[in-house]
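Structures for review follow.
Okay, so chain A shows up in both of these, paired with chain B first and chain C after.
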Partner chain A sequence: MSAETPLPPTPDKHSAAGLSRRGLLGLAGAGVAGLGLGVGGDRAYIAAASAAAPSPATAVYPFYQEHQAGIVTPAQDRLHFAAFDVSAGTTRAGLIELLRDWTVAAAAMAAGRDIGDFGAVSGPYDAPPEDTGEALGLPASGLTITFGFGPSLFENADGVDRFGIRARRPEELTELPHFPGDMLEPARSGGDLCIQACADDPQVAVHAIRNLSRIAFGRAVIRWSQLGFGRTSSTSTSQATPRNLFGFKDGTSNIKAEEPDAADGHVWVRDGPAWLAGGSYLVARRIRMTIETWDRTILREQEAVFGRNKGEGAPLSGGTEFTTPDFALTGRADLPLIGAAAHVRLAHPSRNEGIRMLRRGYNFVDGTDALGRLDAGLFFISFQSNPEHYTAVQLNLARHDALNEYIRHVGSALFAVPPGTAHGSYVGSALFA
Partner chain B sequence: MSAETPLPPTPDKHSAAGLSRRGLLGLAGAGVAGLGLGVGGDRAYIAAASAAAPSPATAVYPFYQEHQAGIVTPAQDRLHFAAFDVSAGTTRAGLIELLRDWTVAAAAMAAGRDIGDFGAVSGPYDAPPEDTGEALGLPASGLTITFGFGPSLFENADGVDRFGIRARRPEELTELPHFPGDMLEPARSGGDLCIQACADDPQVAVHAIRNLSRIAFGRAVIRWSQLGFGRTSSTSTSQATPRNLFGFKDGTSNIKAEEPDAADGHVWVRDGPAWLAGGSYLVARRIRMTIETWDRTILREQEAVFGRNKGEGAPLSGGTEFTTPDFALTGRADLPLIGAAAHVRLAHPSRNEGIRMLRRGYNFVDGTDALGRLDAGLFFISFQSNPEHYTAVQLNLARHDALNEYIRHVGSALFAVPPGTAHGSYVGSALFA
Partner chain C sequence: MRARLLPLTAVSAFGLFALTGCVANAPADSAGASLTVDSSTDGCTVSAGEAPAGNLSFSITNSGDQVTEFYLLADDGLRIVGEAENIGPGLTRDLVVQLAEGQYVTACKPGMTGDGIGKAGFTVTASAQVVAVDEDLEAQIETANVNYASYVRDQVAQLVTGTDTFAAAYSAGDFDTARGVYASTRSHWERVETVAESFGDLDPQLDLREADLEDGQDWTGWHAIEKDLWPADAEAGFAAYPTEERQRLAGLLVQDTATLNEKVQTLSFTLSQQTNGAIGLLDEVATGKVTGEEEFWSHTDLWDFQANIDGAAVLYAGVRDILVDKDADLADSLDAEFAALQTLLDAQRVGDGFTLYTDLSAAEIKALADQVNALGEPLNQLTASLVL
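What follows is the complex of A and B.
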């Protein structure tokens, strides 16, 4: 297989039941029957087909795909997200080398393997181990690693074209506008590069970010990072809608993996530059929830804010969780059952010129602030074919959403997510071709 | 059953396969056959015996036990730990009322139920819901809630006996001494009260701390809290030893639930005041790991620091993970294979007058610091019959342990953990009797 041959779209989900990193290495050597073993570029990966439905711990998502994994992949339970700044002095060649190194390591970890030629424990005793080792013995746990490029990679704050790619910046890839109510902290915003690591075991997600950060040493440094302990979205019809920290189901009408047409239309970039074809735009927003205030709010108000009931997640116009809301339906005094400022109304595609985003956010709790309040909320992540889709919806929400009384946007970033990587190539290679 | 009848020791682990909060409520009403349904005090709990081995998500540990749950309970995967300060103006009666309210809520949540008479969604619309709701539909997930009392509860920093219990303070319950190298932050240390919530689903652990904090409103406020994403200890022979963020197995010789004699001798208070009989002492230490420095250290040094090999976790004197280290065995140049400053040597019971502790720590990552380094490490928790056991071992480690070059103790707290609670009573009632 030549280095740049694109892969055909492959089924995204595979299972290697009960295989640990050690087990995978052993099996890769032995060529055990029943496992589909593919070798591409300089890396082996295992795409094991199992008759049983894959359980989270044993899911393995190949890194080399048409689209990057971690977007339409059924949302895993845990997240570690990191934004990086490229270090001063790193050249274009140095950046490309970093992306090559990241690609090789990401493919190995996605397959449940240590990184490097020797991994965590097999290397020479007089060198630091290539892999930090805390995921030794753990299965791949559905790990996906998704890379993105921020606007500042193309042109930094001083207007410098550090890597000779300014002319390739899509017009849409610019800082998001200031939305009403934004209280953004620079230390939680922006970044030249991003890596989203999702897995069903947090140790596996943390291991991925840590090792990729280590690989970047001297070339890029983490600007900010965020752990998410629980997914708030389902991106597959096989997943139940989880609850956010306000106790509500939100994002019921999320784009699902089972709707390839919806992903084609709303997630993957269509009209952008060639290097971004099959890619997407990732918006990350750290949304602090004022938990304590919310918890003192009466149930009626809580349900009015979301426009859904709390128990089932059904719209206040009636039905069940997946019933389409009827925004025209009125109740007492001819008032709409779903209020004008209700979150479900303002966020709904029918109120946003049909705009849909793939949401992939996570609940977070980062301990307690100086006043004893939980530093908690939603780390919002969405993928869309054009960041202006997010901007349009968020402007609508920022102006009118009743939820604004209980939330604050404190972090923000936008990244262009290049398409998937072919064996032997590296993530984003078309940008530098 | 009278209010103060102590329960006989009951098996600690039960299973209610697949039961959600909703399911439990429904079953409790219907009295379904096959589930052992006990009613005690004003609360029902389900102790369902299942033929199948309990899976983490479906484990249910009754709250009302001889000892508090969450100590010898097989360590769950996730932690939310909170230290509280009792608010100015809270009286002795107010404190007792808080402990009563906490007890009732903890018992309900441990059984996988909403708190309160109405829970999250069944209450009056014109009142805030009694339960915040983000755990609706989730199983009990092995939740245990463990309460402790800090030295400042007995006498505050101004020497005031706020709750009339100063005379009942055990001599051993005092601030831990300053250990060499300690860099403690007051905002991460101490506390009048603590709650350790462990579960196999982080949303369930977070839900518990949040709702107990909410119940405390106006009476006590969180001083600091800490999430742990992965257990670092096994407290049952059925559990594999997990790895810490240095990639090593540590605590291999931890006290296990299957050693009741060891727990009797090392964990449960024997010679203390009557109110603490059957209780323990909890030491919490936030140990920051300088991950980036460690990751640049050669494998030989890493293994020498721990005195174990990285792959298997076997002592450097040979054997496998569970082989007893031979500290006398020498190698080249007659040097001991396990060095004088190796962690396993200094922490070993044979080098600490036979002292053993039950360790129950968790890996944490709290994002990234201002220099782009992971704010990560070990949230160490140990239970012992006397806090002087911890002090003796930690003095030994703080003075000599090779690991000190790579870690910093930044938070510290000590709590007396009262015994388990009888139906109808409240946690720590004997202290106020």
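What follows is the complex of A and C.
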């Protein structure tokens, strides 16, 4: 597909109504479901009418596309990511109904609208509002909502095929292996389903997860979630490479939206089951940084660990940020300027059989831990056509990367991301066809 | 532990030579002159030919197409006063030095071979800031090096003796004896951990934690045996090792420790390796010991904690006389923070050992962690204060 560009806000008449009775039960009274009044508070429309000039905040990415939005979409500034477990007792039909409800609500929110028939403030006075309302008056803010299916959806830990889809699980969709140094916390790992909500306004991203989790009550519950406050990747050549919490630019050779061939080859699934064609695999890793130790590390070592200079992000072999690193170039004592254990060397596609991933990570700071240290790091998200690509690169990093001294992986999850959704259908429908 | 890779490798190519007549870590209230240097294919242009004594910052841009170096030499044109090496094409690196009044020479070395090009005189004029020049510095540094190398050999020799006892008891099934000498023997390792870690495969073979393994990797060394000796916290279904496995692990432990002993016989340390070694040991405390991750089954983390601090204190003591001349305030601060940390550790002494990590209260762990940070901040200034 071609690079996405922000579209002017257009009301989407397909997406406002259409929540199932069940979905609406959690939102408004059953008695008024299906009245189909349509647009409950068109926030995007209001914002666009009052805005003098388009800004990133007014970007609108359509939900119904060939591929799900939120992958090659230029990375927004904020993230709210949630992994869900399907509740006991939910049937195959119940799961499908949930996905239908999520689809309708996601499309409405992506368009900058409240969810439901009445939205946040226009409904029956004696019913709870359908939409939680904290995004009232805010534009769509480039919101994208991306859904994924975890391995346990196909077969849970007890070996049960709850939804009759075990046979359709791709071989690659399995738990990631234990990597050297992994200190994974079960409460931050795994999940039957995931939702990645990205937006340029944190309140809009949080609004999305909050309403989608509300819709799911009784059918699925949040297993873990993660807020990200600053993107660490650029997925478009129009974006500057941001810095991670170590203060470095990393991942400058990320796949960009302007490289559709690279996305075709490295991001979208081509050789998998038909239901996943045009989809991808999402790897999520919560990478804790030992910030305090890093901050007192001498600059010489900081730059040697990354293999880049801190100021510009140029490889230590010279040039500027986007100069290809010269791993053979040696300096004093014939040692390479970019050391054998430098992160840029070990992560570079040329050292990983050409493997490239589309990275879409975010910085996080979740307060402090019991020892008073910042609970901070990188919430790593990557999209790839095969999760084995991630495994190969991560194994190489986990074994040798000098950065390991300053990080630890504490959360891990893998999800199959189905392709985009057609109008009138629901996300992942081909899996249940 | 996972290896801290850089101090003994990437940082090994400099150290001794860059000292006489210059000091980094200039006090913040004495910002000095800033100069730029253009190191091109055939030139070495400094933005000014003179500057006042005190802190000087040279911002060196490599506009050529080869890796370059910049040198600030004494007036004999030979003795190195300051240098910035390994500057890739197109990159800019800053060199911060403290210079006394006198005549110097600047030069660049594109391609990093030959005598250097663009040699030019550089005059440092008198100023209100007095910079002392210590002529005895190189002798002091050499003494520190010799003493530390000797300390490392002594600790590893004691490690060999302790390991032999431990391994013999373990493979003979005398687990009480093995448990009794486990922590005290490992202290010798932990005191020189940053040195031991610098030998490629030896560190993972001897000190890998279970979480550091990859699927299918053979697990050997201290922690593999630790789990077998303290199985109480092991996962459900953990089976004690068969006798042959115990003998194999014990044999490898003895063999790898003997190899380590051979390797440390000829070691020599630059000043930066010593200061960065102290920093590395404290980082080990901050990331592994204060969190109770290192001794996951024996919970003897405080023994390792004390040993890491012992090693860092020895490294600091070796360079303290040099530091007192250059930055007495930093020396005072380090003396106080080391003492405060030792007071906290002494409060946990039980017999000739320590409280088990699992018996520490959350407040006690927090106090230790806070003091590690309090010591870490000044300690990490040490390299810049002593070495350029």
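As a working rule, the second predicted complex is superposed on the first by the 379 of 433 C-alpha atoms of A that agree within 3 Å, B and C clash if a C-alpha of one lies under 4 Å from a C-alpha of the other, contacts with A are read in each partner's own complex, and residues count from 1 in each chain.
Everything that follows uses one rule, which is that a contact is a pair of C-beta atoms (placed from the backbone, for glycine too) under 8 Å apart; a residue touches a chain by one contact, two chains touch by 3 or more.
Everything numeric in this text was worked out from a predicted model, so none of it was measured.
S.K.: In the three-chain superposition, say which chain, chain B or chain C, touches more residues of chain A.
M.R.: B
S.K.: Given the touch rule stated above, what does A:A157 touch, chain B (first), chain C (second), both, or neither?
M.R.: neither
S.K.: Looking at the overlay, what does A:L245 touch: chain B (first), chain C (second), both, or neither?
M.R.: first
S.K.: So, A:G372: does it touch chain B (first), chain C (second), both, or neither?
M.R.: both
S.K.: Just to be sure I read the superposition right, which of the two partners does A:G230 touch: chain B = first, chain C = second, or both, or neither?
M.R.: First partner only, chain B.
S.K.: Looking at A:N309 after the superposition, I want to know if it touches chain B, chain C, both of them or none. Which is it: first, second, both, neither?
M.R.: both
S.K.: According to the stated criteria, A:R300 is in contact with first (chain B), second (chain C), both, or neither; which is it?
M.R.: Both partners.
S.K.: Contact-wise, after the overlay, does A:E292 reach chain B, chain C, both or neither (first, second, both, neither)?
M.R.: So A:E292 meets both chain B and chain C here.
S.K.: Using the superposition described at the top, list the residues of chain A that contact chain B and also contact chain C.
M.R.: Comparing the two interfaces on chain A, one with chain B and one with chain C, the shared residues are 292, 296-298, 300, 309, 311, 370, 372-373.
S.K.: Quick one: which bits of chain A touch chain C in the complex? Just the residue numbers, please.
M.R.: Residues 177-183, 290, 292-293, 296-298, 300-301, 304-305, 309, 311, 314-320, 323, 329-333, 335, 337, 339, 341, 370-373, 395, 398-399, 402, 404-405.
S.K.: Which positions of chain C touch chain A when the two form their complex?
M.R.: Residues in contact with chain A: 2-7, 9-11, 13-14, 62, 67, 69, 85-86, 88-93, 112, 211-215, 217, 276, 279, 283, 286-287, 290-291, 293, 362, 365-366, 369-370, 373, 376-377, 379-380, 383-384.
S.K.: Under the definition above, what is the set of chain B residues touching chain A in their complex?
M.R.: Against chain A, chain B makes touches at 78, 80, 82, 120-129, 132-137, 187, 201-203, 206, 210, 213-214, 217, 221-227, 229-230, 240, 242-248, 291-292, 295-300, 302-303, 309-311, 363, 365-368, 370, 372-374, 376.
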